[in-house]
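Take a look at the structures below.
Okay, so chain A shows up in both of these, paired with chain B first and chain C after.
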Partner chain A sequence: MKQNEITQSFDVIIIGGGATGAGIARDCSRRGIKTLLLERLDISTGATGRNHGLLHSGARYAVTDKESAEECIKENMILRKIASHCVEETDGLFLSLPEDDLSYQSKFVEACNQAGIRAEIIDPKEALRLEPSANRNIIGAVRVPDGAVDPFRLTASNVMDAKLHGATILTYQEVIKIIREQNRVIGVKVLDHKTNEIKSYYAPVVVNAGGIWGHNIAKLVDININMLPSKGALLIFGHRVNNIVLNRCRKPADADILVPGDTICLIGTTSSKVPFEEIDHMRVTPEEVDVLLREGEKMAPILAQTRILRAYAGVRPLVASDNDPSGRSVSRGIVLLDHATRDGLEGFITITGGKLMTYRLMAEWTTDLICKKLNLSAICTTATEKLPGSRESIEEISKKIISVPLTQRNSTIYRHGDMADRFSENTPLDNSLICECEEVSVGEAKYALNELDVNNLIDLRRRTRIGMGTCQGELCACRAAGLMSDMKKICTNRAKADLTSFLNERWKGMFPIAWGDTLRECEYTAWIYEGVCGLTSSSKK
Partner chain B sequence: MKFDTIIIGGGLSGLISGIYLSQRGLQCVIISSGQSALHFSSGSFDLLNNLPDGTNVQKPLDAISELIKQAPTHPYAKLGENKFKALTQQAEDFFKNIKISIQGNHEENHYRVTPMGTLKPTWLTLKNLLISENGKCLPIQHPGIFNVTGFLDFYSQFITDEFLKMGTKCSIHSINLPALENLRKNPTEMRSVNIARIFDKQENIKELVQILKAESKDCDSIILPAITGLNREDVVDYLRKEINKPIYLLPTLPPSVPGIHTQQKLRSVFQQNGGVYMLGDTVLRAEMKGNRISQIYSFNHGNIPFVGQNFILATGSYFSQGLIANTERVYEPIFDLDVTFTPNRTQWYNSDVFESQPYQSFGVKTDNTFRCMREGKIFENLYATGAILEGFNPLKEGCGAGVSILSAMYIAEQILSK
Partner chain C sequence: MNLQQHNISDNNFEQCIKCTICTVYCPVAAVNPNYPGPKQAGPDGERLRLKKFNFYDESLKYCINCKRCEVACPSNVKIGDIIQAARIKYSKKQPKFRDYILANTDLVGTLSTPLAPIVNTTLGLKPVKAILDGVMKIDHRRTFPKYAFGTFESWYKKVAKKQATYPGQVSYFHGCYVNYNNPQLGKDLIKVMNAFNIGVQLLEKEKCCGVALISNGLIKQAKKQARTNINSIRKSVLEKKLPVIATSSTCTFTIRDEYPHLLDIDNADIRENVELATRYIYRLLGQKKTKLNFKTGKKIKVAYHTPCHMEKLGWAYYSIELLKLIPNIELTILDSQCCGIAGTYGFKKENYKTSQDIGEPLFKQIEALDIDYVVTDCETCKWQIEMSTSKQCEHPISILANALE
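Our next item is the complex of A and B:
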């Protein structure tokens, strides 16, 4: 490890590249604050990239947590405007099955109305007409303004806007030390995983936006935040069986949300406490898979015959209130801690709790506090100013890239909104497809490699959907690796090592559900990469 | 429909047993549901690269007794040492006899070049593909690598970097013809087989000669991705003659042009010997009399049975659905044969994708003559061959093609000796 003392000064340093960190970077930079965001891996690698992608209406929380419900519906309406290219306005149905208590429905609708959420009881027949994949035996249905949101795109757009406003975003930089001067935080020391160098950055305010990992970041300055890692497992199906979000109309429980997104749909989640030692190594167990399937099939019976693509799990950063060390009274609400008042440590803020839906509000609160500390009076604009990608209508963008083949045009606009014309040189070479499942072209991959902070194949997957489709990276992984080395983004040794880790990352999500067609696909992948191509895990070296 | 032998599965093992039997006068039918593993072949056939414990194997014949000790249900163990030796020689003669030109022999493994540019040991390699005799260096010093512009399934840079480690210095070139422009207009068309169709045409081959001649002045040889020779075999010989330099092919990502050509060749040899090849049909169920299979029914033929003396099951493993896994078990769908597998699903996999995966060694149980069984009772006239067999790991041991070829020939001998 090289000790390389590069020092740079900023107004604020944000630790964590999830939706919250990216949102804070956007808010700060728009308010004229000199901002640095540090992420130890890639953006969206924590809980941000490991959830349902549900644009909550708040209905789920209406009965149990009115405050969260109100926050949700407000942010829901804001995201539809500022992040239209990341959002699908699908609506949601809360279904009552014969085994559910129908009297819960009226309580549910009343709570929704009180929280400001439009909730409309509809005839089960009407519900089935709207969503034919729903269980034919439902006895009740309520329509709410749920939707789907792509967290990868949302975070990437926030990062893009932050950069446009002068923020510095550095990925693969792990904070290993928080530098303090008496009772004041003045900067951080990071390990650059790309060069193995140690660097120092200075700023009068440091924000801990590390999600569940924020627990360990606070520990660097001996501050204890009473966090409770809560694992949630989900399954991705290979088809989009539903077009409307399906929920169970009962007290929130396991596997009662089915969300459509892109070409797929997702069932989740489970909820179980896990120890901190495991948060970097989430594995989905056969029991979790069984619960998700059993419950999912109750809402949409067709899931029993639908191929599962992948199983994965995220960790929610739940926080117990400070006066409750037992951790029984956890909230899903937003937790903003000013460590100057809480712990007597100036210049250090922790933002945690909350959820993807409220990332923008969390960023606003945090940035307000940062401004207070920096004696600035700039106001927040993130609720009204649209994100890059959402600034033009689909019709306008379509016109600009009209000569790109239709299906490809639709996919790229779906994924990149008004940024789609950035990568359309529209030559036959750029239009040729790397990934057939998800219609990712050479041009799109090149754009991501050049402009979206992509360091490896897994990063590229998060920006484009390469390898996210039915085949889970059969041939596209190799093609993308080839492209990366051709573009001199990485040397061929790195490209191959990258391919190895990409395949292992895919496998991690596949083996918990590897039977039927998924196992066929796994066997084929093994034949191609291990058999024909001769890749081994020692290709890393 | 009556046949002497009914073969289910039209891949390597099905075709080899079919050719072997029909050459000796038996009336055979092959019922094939579609593509086989040959469609994504490397262009080489492996015999034995590693023992089950991971020991590297240089000379397969010398390692076979140790293999039998380590893996008693391995298909090679069922053949036994002497039969294994005899069959490897027979297999090489078999390919020569049906005019499939190959490099390599059973005495010692040679090395094929992977699409990544690395070397991997193997037994037999189709002609025109580049090989290394010793696994340390290549027979060429300054080759020019020519890829088709925009062809994403061949990686000149990977190959160049790997070859440099072996002292071979490549130069990278690209090929572009007007005929290729048409392919490029459709974003999904630049794949090996489509390109190969272009290079089946004489006028395009002539243009290729001009490009190669003009650009290979400083090269001692020429390397092309395996995108020629889909429907004709003379292209590389013709290029060699015209350009007067050694010309080699390297495998691409699938589909595999050399593999598909081999499949087509085997199929036509089978048909020339009187075999009936039914493509696009799936066998659904069987009827038994005592410990014999009497007839089988297929999707396309409805209630018209296939009646035969002997049956060969060459349906492959999971990919081709010779074996099917659900959450509880691994089963064989046509006859519901006894299958060797671990009951606990969590033990089917290793969490590192490149480690040995137990599911890959599951397969149908057989006796030492590859006859199948159900509930422990042997069927006298049902044999299994190839990837569906139990007791071996084709990837870790590097023995998939060898098991297919040798077990197919062995079964054919058994049937003939009845």
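Our next item is the complex of A and C:
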């Protein structure tokens, strides 16, 4: 570890590159604040990248948590406008199965209406016509404005807009110390994982947006936030079985949401408390897989015969209210803590709780508080100004790159919106595919490598979907590693190690569900990389 | 654990493990860069089409439906079926007038046979070819199969009574080619069957099997004709207890496999009783101790070409083994590869180059051999080989019939 004293000053330092951190960086930079965002890994590696990708209408919370429901529907409508390229307007159905109490339906619809959520009871036959994969025995159905949202793209767009407005975004920078001067926070010390250097950054305001890891960040200044890590496991199926979000019309429980997301669909989630020591090492257990499948099949019986691609788990940052150390009254609402008033420590703010759906609102509240501390009066524009990628209609973008092969054109526009015309030089090489399952071209990967803060193959996957298809890296991983080496992004030695960590990360998700065709494909992939390419087991850890 | 382990997905494409062997064996992908290849057009594309219909790519029309991808696939994915089914489900392109003419073999055959000498001459004229090329987009370099003067069905009427007198009986699905272009092949089959003391009957009503209708997107009509054929076959197999044999490998394959897979027509009750003439005869030779009396003729040198649908059926063996029975035959087995015509595909102007490029290695192999005939079970392969090489091409049944006393 080198002790190089590299220092730089900003108005605000944000710790955490999830949706919330990226949202704050966007909001701050748009309000003219000199912003630095620090992330210990890649952007959207925490809970942001490990959820359903559900664009909640708020209906799920309507009965139990009206405040969250109202926030959801408002943000839902905003995201449709500002992040149209990250959102798919699928609508959602709340299904009552024969074992469910149909009287809950009227209570549910009434609560939705009160929260301002359009909820329309439809005939079960009509519901089955709209969504043929739904259980044919349903006794009731309510249609709500749910949708799908891609958290990776959403976060990346926020980062992009922040950078366009002058923000500095640094990934693989882990905050190891918060620098204090008496009762003020004045900056942070970070470990740069890329160079192994220690650096210091200074700013009058430091924001802790670390999600569940925010607990540890606050600990650095001896502040206790009563957080409860709650694990949620999900299964990804190989293709879409549904095109409308399916929910159970009952009190929220395990595995009662099936979301169509891009080329796949996801069933989730479970909910269990985990100790802080485990939050960096989430593994999905056989029991969780069983619950997800058993409950999922009830909503969409076809899931029993559909190939599962992966299992994964995220950690929700649930916060217990300050006056309840037992943690019983847990809220899923937004928690914004000004540590000056709460703990007598100036210049330090924690934003946590909340949901992906409310990331923008959380950023707005946080930025309002930052402005107050900096004595600024700039107003928030993030609810009206569209994100990069969402500024042109699909038809317009499609016309611009009409000569790109159709499936590839549709896929890139779906992923990058109006940025899709940036990266295609439309040469045969640029139009050749790296990832065949998800139709990711060389041109798209080059764009991501050059402009989207990609440091390794796993980062590249989050920006493009390389390796997210049914082959899980079998064909694309070595092509992508080759391209990265060609572009001098990594040296050959690192490429080999990178390939290994990429494949191990893919295997981690397949391991809990490794049977049938998924297992066959794993075996085949192992054979290619070990047997043909000579990636040895020792380099596979 | 493993709640799923006994459940097999209806979505056969999920069994694909992306080994890409299908694309290696695809004759089109090798020569036409506009075709994404079976893996991408099939299992990969299907997954995207399930996301949204607009992922359907019209370049799927380049698939020649040879099914060599399915033969190559180690995971038993019905790749060719997935591609054809997607064309049926998603294609918005209306068949052109040309496609209608090419696909309606019955109609065109019925109109042409009474005027065969005139039609054949006219279709060979350069100005006519130029018009067909310019107006209809039927490539001017393509030679047309000759029409016969009078159909097989009308000839058969004269021999029907005699055929009924044989102790054994079998039904014959002759197909459009025998009926309108090559009645001699039908006559040859009757000669061979009669040598076994088996008489040949025709089906009560026979329509074109519909393979050209399917590939040209005329699905409604294909279904209608398929139902007519299946009803006639049922009468023969279930009521009269007579199996149905055919001389065309493509007709056989279409009735057995494409009807249930692409047209949703259930044929499970009769499928095993529809087979290729050479297979029927081979098995007959195995069962009965019937011996065929061959002429002690002069030496004949032939090369057998395996049509794609024979490869898919896995039945080339039977035709080859029958040929080997002929005394004084010198038989070469050509590499199993597509000739490129794929039914009506090669007739279309836009496909001519692809079609000839696909067949090129086969043509070269044929030209390098010193042979009298190329032998094959498929009529369109015959046209392609005769047009593209200097050799004449015959059906194994015709070769067999010629060798018999």
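In this text, the second predicted complex is superposed on the first by the 536 of 541 C-alpha atoms of A that agree within 3 Å, B and C clash if a C-alpha of one lies under 4 Å from a C-alpha of the other, contacts with A are read in each partner's own complex, and residues count from 1 in each chain.
Everything that follows uses one rule, which is that a contact is a pair of C-beta atoms (placed from the backbone, for glycine too) under 8 Å apart; a residue touches a chain by one contact, two chains touch by 3 or more.
Not measured: the values here are computed from a predicted model.
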- request: Could you say whether A:64 touches chain B, chain C, both of them, or neither, answering first, second, both or neither?
  value: neither
Query: Looking at the overlay, what does A:436 touch: chain B (first), chain C (second), both, or neither?
result: both
- request: Kindly classify A:304 by the partners it touches after superposition: chain B alone (first), chain C alone (second), both, or neither?
  value: second
Query: Touching A:520, do we find chain B (first), chain C (second), both, or neither?
result: both
- prompt: So, A:286: does it touch chain B (first), chain C (second), both, or neither?
  reply: both
- request: Applying the touch criterion given at the start, work out whether A:106 contacts chain B, chain C, both or neither, answering first, second, both or neither.
  value: neither
Message: As a test of reading the superposition: which chain, chain B or chain C, is in touch with more residues of chain A?
response: B
Message: Just checking: does A:475 make contact with chain B only, chain C only, both, or neither of them? Give me first, second, both or neither.
response: both
Query: Should A:405 be classified as contacting the first partner (chain B), the second (chain C), both, or neither?
result: both
Doubly contacted residues of chain A, that is, touched by chain B and again by chain C: 286, 290, 405, 436, 475, 515-516, 520, 524
Query: Touching chain A in the complex: which residues of chain C?
result: 1-5, 7-11, 14-20, 36, 39-40, 44-48, 50-52, 54-55, 57-59, 75
- prompt: Any idea which chain A residues touch chain B in the complex?
  reply: 283, 286, 290, 405, 408, 428-429, 431-434, 436, 441-442, 475, 478-479, 481-483, 485-486, 491-493, 495-496, 500, 503-504, 506-508, 511, 514-516, 519-520, 523-524, 526-528, 530-537
Residue ranges of chain A in contact with chain C within the complex: 238-240, 260, 262-263, 286, 289-290, 293-294, 302, 304-308, 405-407, 410-411, 436-437, 439, 469-471, 474-475, 515-517, 520-521, 524
Message: Which residues of chain B touch chain A once you look at their complex with the stated criterion?
response: 37, 40-42, 114-116, 118-120, 149-150, 152-153, 155, 157-158, 161-162, 181, 184-188, 190, 251, 253-254, 256, 317-319, 321, 324-327, 345-346, 348-349, 351-355, 357, 359-360, 394-395, 400
